[in-house]
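Below: a set of structures, written as structure tokens.
Shared chain: chain A. Partners: chain B in the first complex, chain C in the second.
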Partner chain A sequence: MRITQGTFSFLPDLTDEQIGRQVDYALQQGWAVSIEYTDDPHPRNTYWEMWGMPMFDLKDAAGLLTELRECRKTHADCYIKVNAFDSTRGFETMRLSFIAHRPPEEARYRLRREESEGRLLRYTLERA
Partner chain B sequence: MSDSIDLRALLAESGVGEVLDELDRELVGLAPVKTRLREIASLLVVDKARASLGVEGAKPSLHMCFTGNPGTGKTTVATRMATILHRLGHVRRGHLVSVTRDDLVGQYIGHTAPKTKEVLKRAMGGVLFIDEAYYLYRPENERDYGQEAIEILMQVMENQRDDLVVIFAGYKSRMDTFFQSNPGLGSRVAHHIDFPDYAVPELLAIADTMVAGLGLHLSVDGRGALEEYLRLRRQQPNFANARSLRNALDRARLRQARRLLEAGRVDADMLMTIEAADIRASRVFDAVRAQGAAEETPC
Partner chain C sequence: MAPTATLPGQSSQRTTGNTATRYKAGVLKYKEMGYWVPDYEPKPTDVVAVFRITPQEGVDPDEAAAAVAGESSTATWTVVWTDRLTAAENYRAKAFRVDPVPGTPGQWFAYIAYDLDLFEEGSIANLTASIIGNVFSFKPLKAARLEDMQFPVAYVKTFKGPPTGIVVERERLDKYGRPLLGATIKPKLGLSGKNYGRVVYEALLGGLDFTKDDENINSQPFMHWRDRFSFCMEAVQKAQAASGEVKGHYLNITAGTMEEMYRRGEFAKQLGSCIVMVDLIVGWTAIQSISEWSRQNDMILHLHRAGHGTYTRQKNHGVSFRVIAKWLRLAGVDHMHAGTAVGKLEGDPLTVQGYYNVCRDSFTKKDLPRGIFFDQDWAGLRKVMPVASGGIHAGQMHQLIDLFGDDVVLQFGGGTIGHPMGVQAGATANRVALEAMVLARNEGRDILNEGPGILMQAAKSCRPLEAALMTWKDVTFNYASTDTSDFVPTASVA
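Now for the complex of A and B:
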């Protein structure tokens, strides 16, 4: 099953050139880009591992792409995303975040149904 | 090939001509540097023309080494270099990241690589200027982390030469030993540009621009005194070309200020003129004065 989270996740995977263009846009807006990876892409898992520090003072996407390539080499079996953080007062949050790498075999999740009090049903996503 | 290309038009279109002319106007002397810059600019324009005809060649390696005595304008030219390369489309952003050993080399094991990479990432799309680059290599300490920084630099200079241009700068003799002990690095630097010392007339021309930049001007006598000053100062140790000149002018300004205060009432012209007396009060003339005094009192 294709994991869809973050921007562009319903599109075909971005090429490195397209990633570069997106990052260039983010840098133009004055956002700081960073790379994160995880082997647990559950939608509720908001804490991905950081790949190095966020890249402040970057002027060009080439810097991020170098790191991205390094990260792919090390964590080929993980999901890797690129984040762009806006530090403007009032935002102070991610403005853009997209998956830049998927493992060859995507993580699979299934829906688990649980009987609860009365006729109540609870549902939860579980790694298959 | 039947298609012909107007190289001049291409050059004009890139706007590089303006930058080069500006360089000619604003930087005095430095003939070999300017020639080399023009050559590089021409090469890039011709490459562009070739690319427009579909002949795609590998991008030339433009890593450079600026050698020369202190105050010969290495940093100034490096800043311009970033603009020129940007206009020619060789680098994408055209910013200059200026670093020294401290920014590249870490203090403990495992500290250097991230630090160097961080700087390289920041410089990508522009020009990385490494001032006093020979400090990177310390042969007297075999466990120095500088070597690690050099290796990372070399790797990026080779593999990502589309992404950044590295300029090393330093004094001639020490840079030569630096490259001798790091042959790999020396062979990756295609352009070795030597910045000559300024002659006295060139220094005077620089003085005129500096003084004008401060909103002042030199009186005729003052200019003569400055010329004499420069002749004497050049023979003394630690002469740092334009930097020494700037310092001398700064001190002259101090003396002028004191002189004006002592004078009490001044007019606009006096406020803006540096006189011979302001320059002749310098310590550099002490030797001459001593000599003069010795001649007057024979013994």
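Now for the complex of A and C:
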């Protein structure tokens, strides 16, 4: 099944042209874009690997797309996401984050149920 | 008599003339007792309220405003000598301004200032007992409505506010850049725990972020609470495993006692739920208590505003929802239902946007067309995620995103579960419509005008969306709103 984290996972995979337009939007808002990748998209895996630092002084989307292509070449078997970070007071957090590359085979997780006292179940997600 | 020191903003006996005369036993007009101070400048530490008042025939508006000030602070109906044992001037609320309501003869906006010392720190119960405790039954007024309030930073800082807030909620859920999607499980009464959980699973698997218990789902004969919690969390956990996304179901822990609410909250936590909910009717103290519990247990707290329509809807009497929203943000909830503007429930677009701003601003600016009478500095208090729920569907996605932006939970109950192809398809239709519209907006397209076209385009590769658009294309709830702006002609968005 498709991992549906990220802002646009229910749409067909974005083309580089579409990714570029989202990056332009982020830059217009004054947000810093960055790239992260992982081979473990567990929903609680907060810290994906950083592909360089957030691009605080980027002027247009071309710079990000160049880096994205590099990252895809090196980590074709990983998930890669594009983030946009807003440093405005009261936010100081991500404002947009979408998957920009998927591995040939999607990661799958299985629910492990541990039976506890009474009818209580304790749940864990593990890689299938 | 030797002059006594006065505090800033205070002048001794400013309107009461001779003290001996003022305290002669008998009945005085409120104006003459010191509750009408037209030249008063509110101090930066005052709490300020604006009431809409409708005085009885023959009662002049200044006197009516003074009476509201009196009855919401120190006054009783007659002079009492025991006032003289206090710095009474300090404790009297002061009506300082009365404006006619535009276009509504017989109604006035009365502005009243309250000294900070009138209120206990961190207690909405105390605040409300003062401000709305007595005055709404007061005979010289035909009707009264609390329209808005302004709180000094010093008072705001006595509250902890939302346990999670918008920013941290998004970081826990790992969901950015779009509204969240929810649905209330229907029918709200009669499903067994197992059947209820089925709807939760299908809706979350189809693409929703949250599902929700309705306000009156507690622990009835057809479904006891522990069964509901167990089956719902099995559904949530399974949907998380299948999608790789964090999901949640608002487990309603509203109960008859706090002890029982805590018990239900603990069980929700044990099962791994990220969110619980309570209804507004549990009361302010219960809300503050469960907020504290949520803070200690990493729980998002969803509030359903059950019952608010009894006092928020009619313009001439009651308490505006913008005031309730301010109290809820202070009391500390993470989600609150704040209206849809386009759906089946009361609320015109500007007035509803005013409520959203109260939830989400770091600093709310005075904005009369949206019903906001005062600037409000929220002093770093976390932000509340507003929830739009009631009679909305995928075909309105462009209007909803245009009105409310990204920081909102859009809840399509009937619009998910009533889908002709099933619950999962209904959820997918909503998620695809949402993501397509956000993508288009970010690309700079004029979604308000191009919205229907954008949805039709997205529907070409999504059969469920196409079916949703066909099923609900003509559904609108285009009735005139009751609670509308006093300062602009009322618009309707349908």
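One rule holds for everything that comes next: the second predicted complex is superposed on the first by the 128 of 128 C-alpha atoms of A that agree within 3 Å, B and C clash if a C-alpha of one lies under 4 Å from a C-alpha of the other, contacts with A are read in each partner's own complex, and residues count from 1 in each chain.
The definition used in the following text is that a contact is a pair of C-beta atoms (placed from the backbone, for glycine too) under 8 Å apart; a residue touches a chain by one contact, two chains touch by 3 or more.
Quantities reported herein were computed from a predicted structural model and do not represent experimental measurements.
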Joint occupancy of chain A by chain B and chain C, clash or fit: fit
Contacts of A:A76 with chain B and chain C, given as first, second, both or neither: neither
Greater chain A contact set [chain C / chain B]: C
Touching partner for A:T66 - first (chain B), second (chain C), both, neither: first
Chain B versus chain C as contact partner of A:L11, first or second or both or neither: second
Superposed arrangement, angle subtended at the Cα centre of chain A by chain B and chain C, nearest 10 degrees: 100
First, second, both or neither for A:D57, with chain B first and chain C second: first
Smallest distance from any CA atom of chain C to any CA atom of chain B, in Å, after fitting: 15
Set of chain A residues, in rising order, touched by both chain B and chain C: none
Touching residues (chain side chain A, partner chain B) in the complex: 52-53, 55, 57-64, 66-67
Chain C residues within the chain A interface of the complex: 167, 170-171, 174-178, 207, 230, 233-234, 237-238, 240-246, 270-272, 362, 383, 406, 428, 431-432, 435-436, 438-439, 442-444, 458, 461
Residue ranges of chain A in contact with chain C within the complex: 1-5, 7-12, 18, 21-22, 25, 41-44, 46, 83-84, 89-98, 107, 109-111, 119-123, 125
Touching residues on chain B, where the partner in the complex is chain A: 92-93, 95, 114, 117-118, 120-122, 124-126, 160, 163-164
